[in-house]
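In the two complexes that follow, chain A is the common piece, with chain B as its partner first and chain C second.
Now for the complex of A and B:
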């Protein structure tokens, strides 16, 4: 390693390996072995899923679970995507995947935008009772899903949104607001109040200050919020199964139906392929923006 | 001439705490009022009330003769420079300066022209495309000034604009602000807790403490005739000597008497005291009013032999610390003085410039 201190003695470096150095190297090796072990432990299920999804059915029934596929076939993938049966319908995951997209994209955009506005108002336009309001919103983060099911069903019914994708969007926006508000408020309190004062004297109002000064600062926290919200909304099962009907089910519900309702032979390869397809978008979001996620969690708003 | 800024009976409370009380002041066109006082005394709060960023709890503010109750900051014809500069971090320097004009929807050509004017005036033309984070402290300061200057307002407000700069830059920018004031002839209100800044910039100084005005006057008045011990102690560097003294009365006349360590008390024989005075007073004398006897000082003065405790050369002057009435006393001597620690030196006290204070309340007596 380059950060090893250069020995000051006359002996040429590398010729003599001193005892403390030896011990350090042994520790290093042990550490890496342990990390590799953990990584393998966590990657094993993914490995099994991927290999199984690439095998044919006979091979699965005859071979070992962890063996590599003898012959790679993408049949299970195409069946999972567009052929397998979810209950009575046999169109694969595809329609439900697009349901999830139609639900998650607006839900993420709306909850992020409204959360940003909330956080901005709660941090820089304090009003009577704003702290109590923030406390109440925060409390919403800790409400278990199950508690809101019944009241939410009633509200959706009253609004005429029961069983529809817009209804699901509404549910996820409302439920996500607690978190998005919290994220943005905590980010915006680090913006100095003098900026807002200066802008007020410059003649800008509530929305102009938000759009011209706060939003351009917000990339790190927007990234965090989008990843958080997208992961939660996409992966949600309980709201999806409670508030959807045949045509509006999200991909998580469809996946459950595939796995649970196949009659006859269990098609493990199709199940695995379907599970991977259902999880792919969140994985993709994290791979694309994960770097900014870490950065956003630790960033202050205004540098210098 | 009607005053540009007029404040009557202003008060401000946050919840139960009184932050400002009984603020009365009028600032005439072209004047430079400095608000000075220790941290937390309410200077920023007062400035924010003038700007309309805080609503007063009582009293009136008029700007240009117009009552400001309920008037938005943007409609007050003011510009403000903040301590942290408050530059918009994601905008270039040019956009920082023109933001106000863009919000107001001012013609693009006019924006360009004014931007060029201000950039020229402040010599920041080469910085226009940079972001605030790419500027040094002094440059940020200039940009913040530029943003105020383009407004061309009736009243400029400054909240400790120089306090984040290092000493040398602070002196430079101070001169620059003074030059701008003379060039523009605009009315300015300036907050600082630096008394040198206050003395050098102000046409009028308002000294505040705990939300109340201690004294309002020209720098010379504040310096020569402080209204109380607080002002005397706060304004001037090194600080005014405040020496406990007694009155010795004989016949109809009174003389000042001061204790001296290990000696008989000093009596200032040849200086009769004015008016009725209490038996105990605090004598205030600036260091420059105590000099080496027999050198320069031609006015009437009293000479006292003093033991020197400390000699502090400061370049242009040498300060000599002795002790009287149980307090250190500083005298300002020429730099070539022969004074040495431990030696005894005759010092001339110019009592024609003295201030007398009542010990209990600190109020001025003469």
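Now for the complex of A and C:
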């Protein structure tokens, strides 16, 4: 993939004389209008979420969906963070947000670490059956998790991890390994084998070669993998709702409980504030490191 | 030379992953497959009972509904995401100023959880206070946009939110594809005075067939696994109007206590995914060997 844009509209100047300048300008204007229209379509939900979260309930009931708040209030935000009810508890999203942090951080670190070693071993220390093993790991990337939900629930119970955050960490590490291994393997495969062979002849072992040749090269792929894993683990709902209990739920499950609770007055402003809070970490990662986010997305897409 | 132990290190490193994949992927598939062939209800029962669960599944109108919804949802979701994503990629490929910013705006939904997306769209599609009332306020009193609570239309409301979330990603795939087309051929075509639209239709798009294929695979995979968005927007309702195989499976496993049905529906989901993915992977791998 090259970043060189194909210069379609920058054709040799002589070829364009035939097309009247006015028409060309109208075409450009139409093009930008269309791009702006689509940008509005993608931004509208975010805009509505933010403005709704800053309004009072009364203003929501009486005002327009897309109007800016007449009076900005952060009440909904503080309620969403520390006061609203998620089922029986009424402590807001805060404890669940930290549950998600406690789940995502170890799960991301462990699956990235194991994926790096796996990818290294599979790309430069091949043995009989290592390709079959790689295929078997890859296959897991396509698995619809519904197939493993019930046996996983039983195994977590047997391990004494049912309804716990360490249990969720285990689940996310196990089912994240396919992608992390794939990412690292495909990256390390591009390192010349001669380099590794020369190091072996000099007497360097598995870990020595990893630390002195591969690790220094790994920053880009580590970034891609960490972002990919973090986004997936943070945004997961299926595992969270299947394997957690009242106290150990991740933020996505708590958000859904807030929004889809049937009791009491619907506080749309609190719902929206809660949704933004739950989305902020991954959105922040995307804004800060969008390039790596897209790279993970497309790499994961093309191969799995 | 390396000692025996040193030579075993790669295998030792891979051993835990090997064990985990064997148990948590293949072992679990085998367990679910076996349960789908038994009369298990609340508790697993390991006595073989043939295809009784699959017969129950295909006789169940709720499953019919879920599969029908998956067809409608999947086809519309894939088609609309591809058309929109391709169109956006072509628009962005016209040497746009601030391309990076616009790309960022089109793609950010992909960073959000489906639950967040569902929450936002549920609010906007809420007939009383959302887009419907907005347009009515503008003076179109008769305007109706209550798809979310209409059993016949609710599935389309979910399609809207899903397309909003995934189309930017398809755009990114297509944009990368457009940019990897050989620039020389395009220049030659331009020198020959061939109009831009024909260059796209006859040269660029046909050479992007593999990108279409991978976009299709990813979207189909997303569609079949769709769960969170439905839970957040409709909870499968009104009634069972927006039930999908994934919500059916979840209901059977965790609220109905019908392990046999949960297992057989999960197996059907897996087979549908593999029916799409395995031929693709096979052709990919073969292409690399040739």
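We adopt the following convention: the second predicted complex is superposed on the first by the 266 of 304 C-alpha atoms of A that agree within 3 Å, B and C clash if a C-alpha of one lies under 4 Å from a C-alpha of the other, contacts with A are read in each partner's own complex, and residues count from 1 in each chain.
In the analysis below, a contact is a pair of C-beta atoms (placed from the backbone, for glycine too) under 8 Å apart; a residue touches a chain by one contact, two chains touch by 3 or more.
On a predicted model such as this, the values are computed, not experimentally measured, just so you know.
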Legend entry - Touching partner for A:198 - first (chain B), second (chain C), both, neither: first
Inset, instruction - Please work out whether A:293 is in contact with chain B alone, chain C alone, both, or neither, and reply first, second, both or neither. - result: second
Inset, instruction - May I ask you to name which of chain B and chain C touches more residues of chain A? - result: C
Legend entry - First, second, both or neither for A:283, with chain B first and chain C second: second
Inset, instruction - Show which residues of chain A both chain B and chain C reach, each in its own complex. - result: 200, 302
Inset, instruction - Please give the residue numbers of chain A that touch chain C in the complex, ascending. - result: 1-12, 15, 31-32, 34-35, 38-39, 41-46, 48-49, 52, 60-61, 64-66, 114, 117-118, 121-122, 125, 127, 130, 133, 136-137, 139-140, 142-152, 155, 174-175, 177, 181, 200, 205-207, 231, 234-238, 241-242, 252, 255-256, 259-260, 268, 271-272, 274-276, 278-279, 282-283, 285-287, 290, 293-294, 297-298, 301-302
Inset, instruction - Please name which positions on chain C make contact with chain A in the complex. - result: 2, 6, 9-11, 13-14, 16-18, 20-21, 23-29, 31-32, 35, 88, 91-96, 102, 104-117, 119-124, 129-131, 133-134, 137, 164, 168-169, 172-173, 176, 178-181, 183, 186-187, 190-191, 193, 196, 199, 214-215, 218, 221, 224-225, 227-228, 231-232, 235, 245-246, 249-250, 253-254, 259, 262-263, 265-267, 269-270, 273-274, 277
Inset, instruction - Flag every residue of chain A that touches chain B in the complex, lowest number first. - result: 192, 194-195, 197-204, 208, 212-213, 216-217, 302-304
Legend entry - Residue ranges of chain B touching chain A (in the complex, touch as defined): 48, 51, 53, 72-74, 78-80, 82-84, 86, 88-91, 99-100, 103-104, 132-133, 147
